[in-house]
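The letters A, B and C name the chains in turn, as written, and every chain counts its residues from 1.
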Amino acid sequence: MTTRPRRLALAAAGIALLAGCASNASPGAGSNSGPVVIGTSIALSGTTVLTQIRDGYQLAINDANAQGGIQVGGSKRKVELKVLDNRSDTSTMLQQVRTLVLNDHAVALLGSCCQQNIDMQAQADALKVPLVMGALPVDLLPSGNGYTWDAFQSLSDGARGFYRTAAKAGTNKKVLIVTDNDAQGASTAQLWSQLGKAAGFDMAAVKAVPTGTTNFSNVIQAATSGNAQVLVASMVPPDCFAMWKQMKALAYQPKIAIGLQCAQTPGWSSLGALGNGTLVQMNWTPTAGLPDTAEIVSKFSRIFPNANDLGSVALGYAEASVLLNAISRAGSASPAAINTALASTDMSTALGSVKFAGNKSVTPTFLGQWENGTINQVWPAKGAMPLNPLTGLG
Amino acid sequence: MSRRLWPAAALIAVTVACFAAAPALNPATLNLGVTLLSYLAIAQAWNVLAGYSGQVSLGTSAFVATGGYTTALLLAHAGISWPLAFAGAAIAAALLAALLSVPLLRLRGDYFAIGTLAISIAVQALISNWPWAGGASGLTLPIGVLPSGGKLFQLAVLVAAGAMAVALYAKQSAFGLRLAAIRDHEPAAAGLGVSVYRHRLAALLLYSAIAGLAGAVIAFQLIVISPDGIASVSWSLNAVLMTVVGGTGTVMGPVIGVAIVYYGLTWELQNQQTFSQVIEGILLIMVVRFAPSGVWPLLCAGVRRMTGLRPAARAGTPEPAQEAQVADDEMARDLV
Amino acid sequence: MNVEILAAGILTGGLYALIGLGISLTFGVLGMMNLAHGEFVIAGAYLASLLVTGAGWDPLAVLPLAMIAVALIAYPLQRFLLTPLLRASKTAPLVATFGLLLLAEALFQAVFGTHPKTLPAPYAAAGITIFGIRVQTVYVIAFALTVVLCGATHLLLTRTRAGSAVRAASADPETAAILGINVGRVYAMTLAFAAALAAAGGVMTGVAQSFTPTSGLPLLLTGFAVMALAGIGTVGGVLLAGVTLGVIQSVAVSVFGGGWSDVVVYLVFFLALAIRPQGLFRRAAA
């Protein structure tokens, strides 16, 4: 007798679950009317913060919508950008990408950065939805099934520029390379070692550390015993901050240093004088004469006074423009058509000209140097200022 | 007699229904379904270990990760078919549990909990340093050979149904009675001739195998696995959260718990993740403090009160020192 | 073996000992494994950041305030939430502190954001040379602080009436209650004190490293590793265990590479629990 309420409760629970599932069965995507949905699962919090890239995406989409939308087939359609914050967490990113495509019916994706972009490619391939990304050096993108499009700088360009600059800086040409121990870190270390040796530099120590390391004493030990005056670091910002502080405390004084992945964040200025003189690889500078510079500077320089943040906005703007251009040329808002159209991209963007060869397009690289909260371009020569000594660590 | 059979019959019916419904559901529902069912399996596995045999584990993620990585490594490096890789997940997870049982089963209570927590984080750190498994960046499974869409949903249904079946069997059988005896008063159980070590080990192996299978399903769904994803401590946290909120030691508890926590909080509030985590923390504390047997027994009690039926005497053991909860708990210790 | 690596290990071990001391106290007196202890550490860092980055104070000046603030949070938690659970069931306190962990992480995120923060201080990036070994100033300060706090704890426990009440309640709560000791208040004071120690560790961690809302869990495990190595019994044992852990970690990292720094902690912890659960430095008599 008393099992009846149990059965009632069970039945009620079961019906509720099924009702939930049924209500979740949303109607199919209206691919011929309504806004074109573009999705992005991007790290807006956590170890990496990419709000500037998101702002760039939004700026491009707002610009397009201000003109009534983009031309798709016979009609003009508005574009809707669905942004999800994946908190720099891989699992969250993967689930969010699936949600954006399956639930929100996104017809294309915009990327996050770094390792997340490498991981996102697999989902883009599985879901058969085009993914346009920047913020991942083209040398680091593994080959996939053709749905991922990377328009960004090449790690080799940055390395070559750095070694050329370092050669003129009067060092003993001994290099310490320290990276995070993920795929991006390993590839970075390998590439920079190779190119360094080709440029006549000697790799005194190459170290890989897990993300979240706070104690770099063994790395600094290797550097001092190898007398490395050139420092190449590619880690997430908190790790760089910890290492810079520890280097100062343990009196390790390189003559020239570059912080890949980490010095190009606004948080670098929180290091204060300690961060002065560190070099950073940039995809954009206000003095380089790239397209759309004036618009980006006028709209965002008050919020982001720092050249590298504006560069991230430019990055987002460029990637979104590439995607919007492809949707227009595709004539329809279907993922397959957009993917085919992306292959034939040939346009000028905020980062430079973009034309894909093998899903990759290399954009220009610049080197900047931190000085009292601002970044000044030091390479290539056009629009550059002279290189300062590494006062922060010296 | 029918009282004992109808839960099993209901389970089979629901399983068959979900299995058959798979082709008719849209991809979004299938995707959500796979995630919910994976969590259900993990929660139910934890329920068997913690609810039935009283061993609170904070290390579920170690076994989920083992399952996921075994499947991924077998597919990526050995090129075998996915059903074999799937089976391999359970075997590897159970092997790990068997290996760790030697030191682990010497620990009890809080020490056991902390030991499992240390294991799960150590597994994550070890995987991060293992280049063959992709190190910190992880692995991408070969897309072409994976089950997806309806097939993956059906696989998830089978795994969850298996977990429910194990829980149901443990509840209704003498095995379950002995587990409960060990949980409630180990020395007395030992004195009555229950082989404590063997039963604890059995619970541990069941728990790890189911968690490993769930890990394989998750790997199939996410396609990319990495230490900070599938080996993250959040799987351990969610297992505890979902089961405790739903009702530890009951068969339907994890179902309710997954529905509330994953569907109600994580999914519906996915744009306010911080807010949903605040609610999860408060919910857990509230449940532990004011409704220790969980939401499912509360629901049952509520339904009972509404329909005006009174509970008959039950053969379960009441929670110690919880006067008001005794009647509800006796019901909770019953069939479902 | 490089002396500087040893020295660095010893000094960071001091910080570990500070975190482990609070956990040891809680487990020794209350019999409760407090999974939210790492959150007390981070709470200390975040509360300190309000005055340090907000008003430009020196972290060492803010340290006592942070300790008091976190203790004030811990006292009612123990008194009204955890002590009733301690009497109810064996697993409820563990799960409740676990809920506190989730809640704390979410609150930190909501209030302070997820960006990694540090506590700026003039000695954060400074180094000094002691006996010809170059070490980081901030870790020397942390080690000194740990020694002072350990000494204070030992004196409090052995030389004061409150300390006797704590030791009585930990040995036999029922008898202690009969003898007129307010066990509920003793438990709450103990957790509050443990939380204050955690907060001190948090402030020093905030200066030496950076912290995010999720930094609490790794610190919790480090603390448990120290407790497992030390065993329950003496404050000095905890300090020794912390230093041992720091040295083992430092040596392992220099021999096997940076990736092993966390694994070493967990392996040590697990082995200690499994092989010698009573700890290495436990005094034979209670």
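As a convention for this text, contacts are C-beta pairs under 8 Å (C-beta built on N, C-alpha and C of every residue); 3 or more make two chains touch, one makes a residue touch a chain.
As the structure is a computational prediction, the values presented were derived from the model and not from experiment.
In terms of which chains touch, the assembly is arranged so that all chains touch all other chains. The interface holding more C-beta pairs in contact, when B-C is weighed against A-C, is B-C.
With centres defined as mean CA coordinates, chain C is found 37 Å away from chain A. Centre-to-centre spacing of chain B and chain C amounts to 32 Å, using the average Cα coordinate of each chain. Touching of two or more other chains is recorded for residues 125, 128-129 of chain B.
Among all residues of chain A, those that touch two or more other chains are 87, 181, 210. Looking at chain C, residues 109, 218, 257, 259, 262 sit in touch with two or more other chains.
By the touch rule above, chain B contacts chain C in their complex via residues 50, 54, 56, 58, 103-104, 106-107, 109-111, 113-115, 117-119, 121-122, 125-126, 128-129, 233, 237, 240-241, 244, 274-275, 277-278, 280-285, 288-289, 292, 319-322.
Interface of chain C with chain A (complex): residues 2, 4-5, 8, 12, 109, 113-116, 118, 120, 124-127, 134, 136-138, 208-210, 212, 218, 250, 253-254, 257-259, 261-262.
Put simply, chain A touches chain C in their complex at residues 45-47, 49, 87-88, 181, 207-210, 212-219, 221, 237-238, 241-242, 244-246, 248-251, 267, 270, 272, 274.
Remark: chain A residues 1-10, 12-14, 17, 20-21, 24-26, 28, 84-85, 87, 89-92, 94-96, 98-99, 102-103, 115, 118-119, 122-123, 125-126, 145, 180-186, 210-211 touch chain B in the complex.
For chain B in complex with chain A, the touching residues are 3, 6, 10, 14, 25-29, 31-33, 35, 125, 128-129, 134-138, 140-141, 143, 146, 148, 221-224, 226, 228-230, 232, 234, 252, 255-256, 259, 263, 270-271, 273, 299-300, 303-304, 307, 309-312, 331, 334-336.
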